[in-house]
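Following this message is one structure expressed as structure tokens.
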Amino acid sequence: MAKGLKIAINMGGGDAPGLNAVTEAVVLSAFNRNWEVYGIKNSYEGLLDTDEIIRLTPEKVWHISSLGGTILGTTNKGNPFAMPITNIAGETEIRDVSDKVVENFKRLRLDCLIAVGGDGSLKIAYDLYKKGIPVIGVPKTIDNDLAATVATFGFDTAVSIATEAIDRLHPTAKSHDRVMVVEVMGRHAGWIALNSGISGEADVILIPEIPFDLDRICDSIMGLELQGQRYAIVVAAEGASPKGGGRIDKGKGEMGRQDVVLGGIGDFVAREISARTGKDTRSLVLGHLQRGGSPTTFDRLLSIRFGAAAVRLIAEDKFGSMVALDPPNIKAVPLEEVISGGLKGVPLEGDTVRTARDVGICFGD
Amino acid sequence: MAKGLKIAINMGGGDAPGLNAVTEAVVLSAFNRNWEVYGIKNSYEGLLDTDEIIRLTPEKVWHISSLGGTILGTTNKGNPFAMPITNIAGETEIRDVSDKVVENFKRLRLDCLIAVGGDGSLKIAYDLYKKGIPVIGVPKTIDNDLAATVATFGFDTAVSIATEAIDRLHPTAKSHDRVMVVEVMGRHAGWIALNSGISGEADVILIPEIPFDLDRICDSIMGLELQGQRYAIVVAAEGASPKGGGRIDKGKGEMGRQDVVLGGIGDFVAREISARTGKDTRSLVLGHLQRGGSPTTFDRLLSIRFGAAAVRLIAEDKFGSMVALDPPNIKAVPLEEVISGGLKGVPLEGDTVRTARDVGICFGD
Amino acid sequence: MAKGLKIAINMGGGDAPGLNAVTEAVVLSAFNRNWEVYGIKNSYEGLLDTDEIIRLTPEKVWHISSLGGTILGTTNKGNPFAMPITNIAGETEIRDVSDKVVENFKRLRLDCLIAVGGDGSLKIAYDLYKKGIPVIGVPKTIDNDLAATVATFGFDTAVSIATEAIDRLHPTAKSHDRVMVVEVMGRHAGWIALNSGISGEADVILIPEIPFDLDRICDSIMGLELQGQRYAIVVAAEGASPKGGGRIDKGKGEMGRQDVVLGGIGDFVAREISARTGKDTRSLVLGHLQRGGSPTTFDRLLSIRFGAAAVRLIAEDKFGSMVALDPPNIKAVPLEEVISGGLKGVPLEGDTVRTARDVGICFGD
Amino acid sequence: MAKGLKIAINMGGGDAPGLNAVTEAVVLSAFNRNWEVYGIKNSYEGLLDTDEIIRLTPEKVWHISSLGGTILGTTNKGNPFAMPITNIAGETEIRDVSDKVVENFKRLRLDCLIAVGGDGSLKIAYDLYKKGIPVIGVPKTIDNDLAATVATFGFDTAVSIATEAIDRLHPTAKSHDRVMVVEVMGRHAGWIALNSGISGEADVILIPEIPFDLDRICDSIMGLELQGQRYAIVVAAEGASPKGGGRIDKGKGEMGRQDVVLGGIGDFVAREISARTGKDTRSLVLGHLQRGGSPTTFDRLLSIRFGAAAVRLIAEDKFGSMVALDPPNIKAVPLEEVISGGLKGVPLEGDTVRTARDVGICFGD
């Protein structure tokens, strides 16, 4: 490709440790090719309001790879195909502003877009690609539930934070003969619960892929007591649900924490265990602690590799594709395949679930 | 004192990082004097049921100083002056079994007791001392609210864990323009909230010592917005309460987390901020994460110093006293003074509160 | 296979974070199948001296997965095909005692052996397998240089520790305008240097796979100075060497640190940079810090998966094979292939080296 | 004092975790009083070359409290009473440029100076105070050896890093039956070695205050072996020295690491232990790892308190004094007293040394 490319980069969806490392690697790789990088703030909003575009130089991204969050901001609301537009009277309506986004992109003489996001954001990126924006995708899902890549950045950090929390709960649970229920992220896939539960030596792991039976959980906890272990650690993915009984309604109101006030799955399970076993039972929601903070070394490296690979794909004219981890290599996957590949749950016959069962962890099934 | 002393040690109240380091130091210091140490499990219960006494040798405590929890177990229920006794029919009554405890102590030929605990446990220890048990106290309060000592182990760890959590919330709050309310420990004293709030660069700190006005908090948050900071971090001690309006009722039921279901102070403040400012506001309860896990280096050292000092006080026949930190030294304080000294709140004119105000932190007053 | 199997497990070579997690997983997986596990201490020595065999029960391995080191001990000396035997006069000769080892193994009615080790130990395991011991291998190489598996436990921990060290050196190097040279592990392969150097944002990375030219390194450092960065971080694998000039002789004497006294590659490079650029230059050898301590969550999980998979391979009668990571799965690889596969260096055209070059890191070539 | 003060701040000596937190607190405290802060780069050099002065606004110090190093730079060379001045011919001579510094300070209309530094820098600050610059001192010594304050920032971080390193060495030393000697900072005072050695459960601690006898150290190590512990951890302060035998000459050349090439105290002790006991013995120099990186929570808080207190002392016109920790308070100490108070070694009869002896740690005496 020609010299002097202008690359745009944006982020969509919830934040994940590693976003800044991706950004830094994109900027440095582009700089070393004499290309320019422009950060689009708040997903696609910056393409509607050019005040929200910033030139990213090596100085601006200097040593941000270890910082959590994202210097660009991210949002769940910036879908240009369904953008909430509020007028001066305060009325909001949902509009398709994608033509406007494409038009602005060209008007600004931007050459291509690196879109960092999860399945929703990547779908938008693909649709914009079909409308003429040269797009490279970078996968971002802290839940590790994107089928097209073996892993994404942020996941290792989330698992590490959850494991560290579980490690911290063991001694206090043990000292007081308590059951501790920890609710971790994972609406559709139980990867964080599964991996942190095994690493943190939980006794019970509840994941969306395996509906649970409360009696089996209580059997398991009381079985531990017969063997002399009078406490237990239960790790529950937020999307776990009881067998048959349908989904626990979390009641999401205007304010984020109403789910906890009404009680998430962790509170529900804790209440039931307490009622059925008589054991002192507490619950704890890790929530936003899992998203924040510095990425692990694994995630820093993966993010930097993703960022550099995205710029190489631009150099190779491979638009319409996404970088993906296929260990030990990074490869390109067509966005079309990424979208159709959908989400990746924990495979019930995979070695990780079998490992958990082998070492005696109960899934409540 | 004579050779061959038999020292008993027990723990009362909630657990705190450093209890095992105290235990290890007591055992090693005693071993090097050719004395024996016996661990009384679950506070004073072990003195009623000798199955609950274990001989502690150097091998048993080998390198436990960095482990969280306590190998002896701890409980809030083991008050021999008001012990819940359950008969075979399952009926429970509260009895004074202190004579029985003293009698058993002497029957077992134990020479003295190292009692590790907070104000409640130390009061019990003092009462047993008056009934004839040679007692040395070791202070334990993760909230740092005991007047007789400048600091206790576990507090630095709790502040560090809370600070680390606040650090992790900044990037995600910033990326999403959110207000995050973190509820930390501190029923009667705001030390953890104050110290972690300053270290973690919170914008608002709410402590029991300073009743807050919600409008002042919202003024402060919207003031930040005018200066370009569109997110805020609020740290609330669990015992904080609004001006005039009396205490938030937390509704403690049988199961620990009912407080959260009904909503603790963090949830209350988050709801109010959201309603009054319209900002996306979330809350998070750190809870048991603060008690668990490995002590910081500061707490390990302090615990080991306390344990060794307790054994030296035995050698010096200074029964009826407690070890205390008077930096840079450890000193002995009579238990009587400890009891009458009571709790230590955050001094409103102290330099730490002034520091917080100086750097622009709002207390809601 | 029949009930009641007796599994032996041993460790060979240097220690690596995760060995205890492997051990715990093997014991728990076997226990849940009603099998017994016996730990052979110090590699194969325990099979010559049965005092060195210990029965491993779930109690013995309770929550050891997060502990560094190995409860079984490990050694580089326990090669039964070339065992140093010392007689009572203190004379040592090298003997092949492998027949004795096989004979003892059968005499003790052990059914199979899980051998945890690097390429040397796995070769021994394979040779014993050919002599009739049913063997399952578990790969262990902190340097990540075994071709047959995408990763091994301990490596992520070593990279994390090295990255953390590099992070700590940046501010002090920057404050004092210094060049800091950090020597990390990696005799034959540069994985630790490469991954930690990228993650830690080093300016120069020296690995065995790319012989370096000191002038290129100095060009790069002075180039940074022209751009306003007056300090630099150099990460050197211990096996890195200058172009043409042959290997730096490290002079290994009786005592381990003679290498440093005579100067390792880090010291050599630091001296040369100082002499050629006049910049204040220091070196630091991370050494044993990289092997010790708690495994990262990634390594804990991988170790547990390896341990459980090894026991499943026994159940499936797949002796003569090794567990290996083929993300996201664990697979079995014949030991014969493992041995012939040899070592795995950093591929010069792989995406990780290209990433480093893309973001501007100098390899000195 | 009047409105609109202009405060200068500078740093002298080696860097220490917490310097940025001091800076941030000074800037925020001044900003909230409508005062301005100017950072003098590289100690006093900025007062000779005004290119090296930067206006510090809240934006410039935003959330730097957790960052290691110092945004202002620090140097050991900036003594205005003995400044090395290099002419264009490259010749350097030492000159007293203090009059020039005072003159520039006044010419720039600066109102006062916050000088952050150790005993050397504070002496300079005091001399400038006597020449008419209104000075407030902030103590900085990572070795904790300043008599006038109970603690300084950076020390807790250094002790924590050293303890973590010792923790990491235990498992590998144990797995291989080795003696590990760790050399930590502490030229004149053994605080870091003492505190990290107790916390990290070292077997031997060598400090400058207690000259050691190598035979006593070896007796102690072999005594452990008789008790079944076949490895040992020795922590040596860099300033420790053998009894009688005078100081180990470290041979400091132009390049920092010549000390290691010739061998520091750690290498010396390791060589001797190996020679005298025949045990596999290694040494490790922690070096710059101890200075770098993020301050602990304890140090962040202390730094912020120091910074805010320094600004309060300005408001109270208490020039010529230094902030100091007198737990739980911050107090002001006249600089004259600070200078005459001198250095603070480990008190041999203090409770920390007694604690170490009580738990069985050998000082080699």
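A, B, C and D are the chain letters, set down in written order, and residue numbers restart from 1 in every chain.
Definition applied: contacts are C-beta pairs under 8 Å (C-beta built on N, C-alpha and C of every residue); 3 or more make two chains touch, one makes a residue touch a chain.
Every value quoted in this text rests on a predicted model; they were computed, and no experiment measured them.
Each step here moves to a touching chain, and the least such steps from subunit A to subunit D number 2. Taking each chain's centre as the mean of its C-alpha atoms, the one that lies farthest from the centre of subunit D is A. Averaging C-alpha coordinates per chain places the centre of subunit A 35 Å away from that of subunit B. Centre to centre, using the average C-alpha position, subunit B and subunit D are separated by 31 Å.
Centre-to-centre, using mean CA coordinates, subunit B is 41 Å away from subunit C. Among the residues of subunit A, those in touch with two or more other chains are 164, 167, 170. By the definition of touch given earlier, these chain pairs are in contact: A-B, A-C, B-D, C-D. Touching subunit B in their complex are the following residues of subunit A: 14-15, 67-70, 73-75, 161, 164-165, 167-177, 180, 254-257, 260-263, 267, 270-271, 274-275, 280-285, 287-289, 291-293.
Taken together, the subunit B residues at the contact with subunit D in this complex read 24-25, 28-29, 31-32, 63, 65-66, 150-151, 156, 159-160, 163-164, 167, 170, 195-196, 198-199, 201, 296-298, 300-301, 304-305, 308-309, 311-312, 327-330, 350-352, 354-355, 358-360.
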